[in-house]
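What follows are several structures.
Two complexes come next, and they have one chain in common, chain A, joined by chain B in the first and chain C in the second.
Presenting the complex of A and B:
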């Protein structure tokens, strides 16, 4: 009896996610603090490159700032947020504690220490490699070692997610894994596959090269390995956003999820299609043949399918909620939605930004059209819309929803949250739409200044001014976010359970292929061998121009 | 939401999301037109690099 009571208490505690509160909060706050630093650097960058403030001009400082901004946003904010989100969502959806909690904390500290180690060369201008791992740009070894520790730290999270799914399935034979954890586990598995590329590059090429153990480096192989990671990382970032849209948003707005199975199919497709498509980042590189690039282009368009499924399912869930709230007509349900709810506003704005960003992505992915925008500011605009817009705005929504529940307090101000989200949306558009235009006008990306007396460059001025305004709006918005969440820690107590959306047709059991990843791992392995096998092997088989394996 | 009776709620839950499908068709057509403008209007007319 005593055992049963203890077990019930543990289940109740897990339902509130108490077991994951500390590690969830630690991850969230690390992510948010580093994000704010990155936003400040972003404001400096748009001011510096505009040429309007001569006192600020310094290529050395600019490229150190760009590299730090990119690493903090693309690797630090994302990794820590995804880990915090995953832990809290896992304990509250599976209603079980995190197994091996010390293991999870070890991963957190490894990632944090790695971040701090990488920060030293970044902030001292010794890792101004534009947050990429593209040799011959070379950084201090501490940057590569720190970044590797961050990635290895995230693997502990991946193992925890897989471990929890296996443990839950053992305790619930035949039952459907809750969609929220199915998505998080898909992301964890994808991240493990994804990081093989950059991990191999760092371990066998960059770290030995930066330490002077290797004298030369095979740039083509390095870029190919980095491309393995480079696109799938975007889906690693996007997964929590999609999970929030599928499993939290419909509940918050008083509706139901249109289809649980559609979510599973979308997550599996993201898992399978996102890794073997990285050559669309190498369209202009001479190291790979056009045929391989075409194969990857085909895969790139395939990965649009899960996004289309997500768009349909999420908007259909919104429509259901809107109609349940009294909305009539073809579009009357849109006005009936609770737009004063931060999660609802974020979802609507995120989907709009996804539309803009998705259009840019189609242009980038088209082999011929890519030549028009390659290495221009258009590309910067595109990934800021997808990452800084679609993805991060949903991170904000998840933080507004989860953090008050973690600490048992009311959100300090829901209206401030909605204002902050709208400001972020406006700021992101003001920042990135001019970048698309300026890219088509020929401005290269990754420049710290330009000859502003040139007639061509004069056309850029209006866009340069606009992006400063966008950067400042984003800075104000991020300050509001931090303030609101900080004040929530001292807000009035309010116990709210962390609940997830029910589908219209609950399915206690789903087909095995939609409830397990074993088969899909085999599919990924085959697909990866088909799309990356020879392109990588050729560097070992064809020792062109006297180059030898791994650049030795 | 509270004013709906169970039959009305069931009808909404089981109805096809016509508004969603219309929105997606509009966005799909806009994307296609945008891509065609970029390809035929900007890329093909661009000419050689000077």
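Presenting the complex of A and C:
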């Protein structure tokens, strides 16, 4: 009897995701709780900077808040969510447990303790240097050390993903690695390459300088190293969203994936092109020649290709499902899609936001047009649309889909989930469209008030008001998300398998280059040396003058 | 390996679109002479006052005598100096800016006068102001708690003596 129960238990746990359930849940909840804290800070920020509430105005509080909001959204929400998603997707797609589970948990705790260490100076106003860590403004060393621990913690996840892919391939010689894990491993490898930039800045510049071991800091070198990380980090965030669109969405809506191979090609292109193109963040900086900026612009446009391929495959997969469900005509299939499914709604809304955001991104990415929008609120509007919109809405979809399966319960309310997603979509548009407009009207980014003696200031007010409404809608939406997932833990039991979409043309075997990353790592190394080699070396080949330390 | 016919067409469409976009942007940058700041020119930000070029007396606009001009400015918490500058309209101007302390960004809405001002490096941009009027020079990169208050005045005036 006891053995039967034990084996039943084992079957259950294997169906729910082997040994990844607890670590998946822990990562998801850390991510979503910190996200809600950051949303609350966001509402305060749009209210403070509008100037409508004189009692709120305080640059000290505002910049502490902006710094915390950025770190929580950009580093904490993303890193933990991506780790949780990766572990659960890996065990359920490869049908094997996480090897060296203690190793994975060590990474989780390292990241969490690092986050808490960094939170102390952030919340006490001792790290108001923004999440982009602008030296020579100096934060308390605990901020740099905590943030570095978070990144190092994420490396444990990267190693786990690569380890699992290697183990699976050994057990299944010649077979194609399931697309979902191929994507997660591509992301893990990309993240290891990506963090070399900010990691070097932290270890060789920021930490020793903040501890007083180095007296000055070369800001040009620091910014060049940060740019190494700054674009690819966005694709680190975006990968789970794309993976969900390719591998989960088509299954949920009752269709098939249009092309497995195109998914692999898109993932490889994202991996190869994301890192060596960071100079579009340095277009307006001195200390790098315009020629290098031009070369990086070309790469930046290349990285749009995998996104355009993804758009095609995802929409084609939706069309297949829509037609299988009886949709007719050129657009009839759209109405036939199951919009009441959270994953479907999220996917549709995410693709729409991606279209808007992609358009703005082309302007930022251009060597010449960027001059008009550089460091204006347009840029902040743009990345909120792409990250807060396109990406995070798919994180919600993945959480609604995975969390009930992890714990073997029914989602508390699917209709509340769909309402929440639509509210998020509307809130994001109400927030970010005026944000773009205010940037075109000249408002610089990162200001806590607008004390300029300029008639332009009058024109900003209407947009500031709209942004507050957007912020409040997003806050309500994030509360609904947390409540729904929290209630799911006590919802009625229901065992649903975690299944991934089948492609129309099954691809049990794929060419070696689409099933392994060894060759692509060599390509990345060469591309990185070509695009970053001299721009970094020039700081060592020439005499430069470091900047002294400044408080905020 | 299976790639659908429609998808193959789409791949060609996207490549074509990308090439066109990069081509248009390149033509635009070259044709209208809009280039981002360029050059690697280290300077000791703690000794700007001792340098010939960025000493206080030498800041501001100078006519080069050949129909072009040079504008020299310093960014320091919390202002751009000189705090009011006058420059002629329709004149190619080489602008050189240095920071005396931390990172700043210089931005004049509705013009192409934008550059990061990075301690340790001289920023150089070339532009021509096309409309007369009073403009606000705003700091667009977070430089400390007084960042919002960092701004100065740029007056673009009619050309004189021509």
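Quick notes on this one:
Here is the rule we use: the second predicted complex is superposed on the first by the 524 of 552 C-alpha atoms of A that agree within 3 Å, B and C clash if a C-alpha of one lies under 4 Å from a C-alpha of the other, contacts with A are read in each partner's own complex, and residues count from 1 in each chain.
Basically, a residue touches a chain if its C-beta (ideal position, glycine included) is under 8 Å from a C-beta of that chain, and two chains touch if they have at least 3 such contacts.
Please read all numbers here as calculations on a predicted model, not as lab measurements.
Of the two partner chains placed around the shared chain by superposition, chain B is the only one that A:333 touches, whereas chain C remains out of contact.
Of the two partner chains placed around the shared chain by superposition, neither chain B nor chain C is touched by A:415. Once the two complexes are overlaid on the shared chain, A:254 sits against chain B while remaining clear of chain C. Within the superposed three-chain model, A:124 lies out of touch with both chain B and chain C [touch as defined at top]. When chain A is checked against chain B and against chain C, the one touching more of its residues turns out to be C. Within the superposed three-chain model, A:496 lies out of touch with both chain B and chain C [touch as defined at top].
Shared-chain residue A:444: touches chain C; no touch with chain B. Of the two partner chains, chain C is the only one that A:376 touches; chain B does not reach it.
Note: residues 258, 308, 312, 316, 362, 366, 368-369, 371-372 of chain A belong to the chain B contact set and to the chain C contact set alike, using the contact criterion stated above. Residues 1-4, 6-7, 10-11, 14-15, 17-18, 21-22, 25-26, 28-29, 32, 34-46, 101-103, 105, 107, 109-110, 112, 114-124, 136, 138-149, 151 of chain C are the ones touching chain A in the complex. Across the complex, chain A meets chain B through its residues 254, 256, 258, 308, 311-312, 315-316, 318-320, 323-326, 329-331, 333-334, 355, 358-359, 362-363, 366, 368-369, 371-372, 440, 504. Put simply, chain B touches chain A in their complex at residues 1, 3-4, 9, 12-15, 17-24, 27, 31, 34-35, 38-39, 42-43, 46. For chain A in complex with chain C, the touching residues are 59-60, 63, 128, 130, 134-137, 218-220, 223, 258-259, 261-262, 283-291, 293-294, 297-298, 301-302, 304-305, 308-309, 312-313, 316, 362, 366-372, 374-376, 441-442, 444-454, 456, 505, 507, 510-511, 514, 538, 542-548, 550-552.
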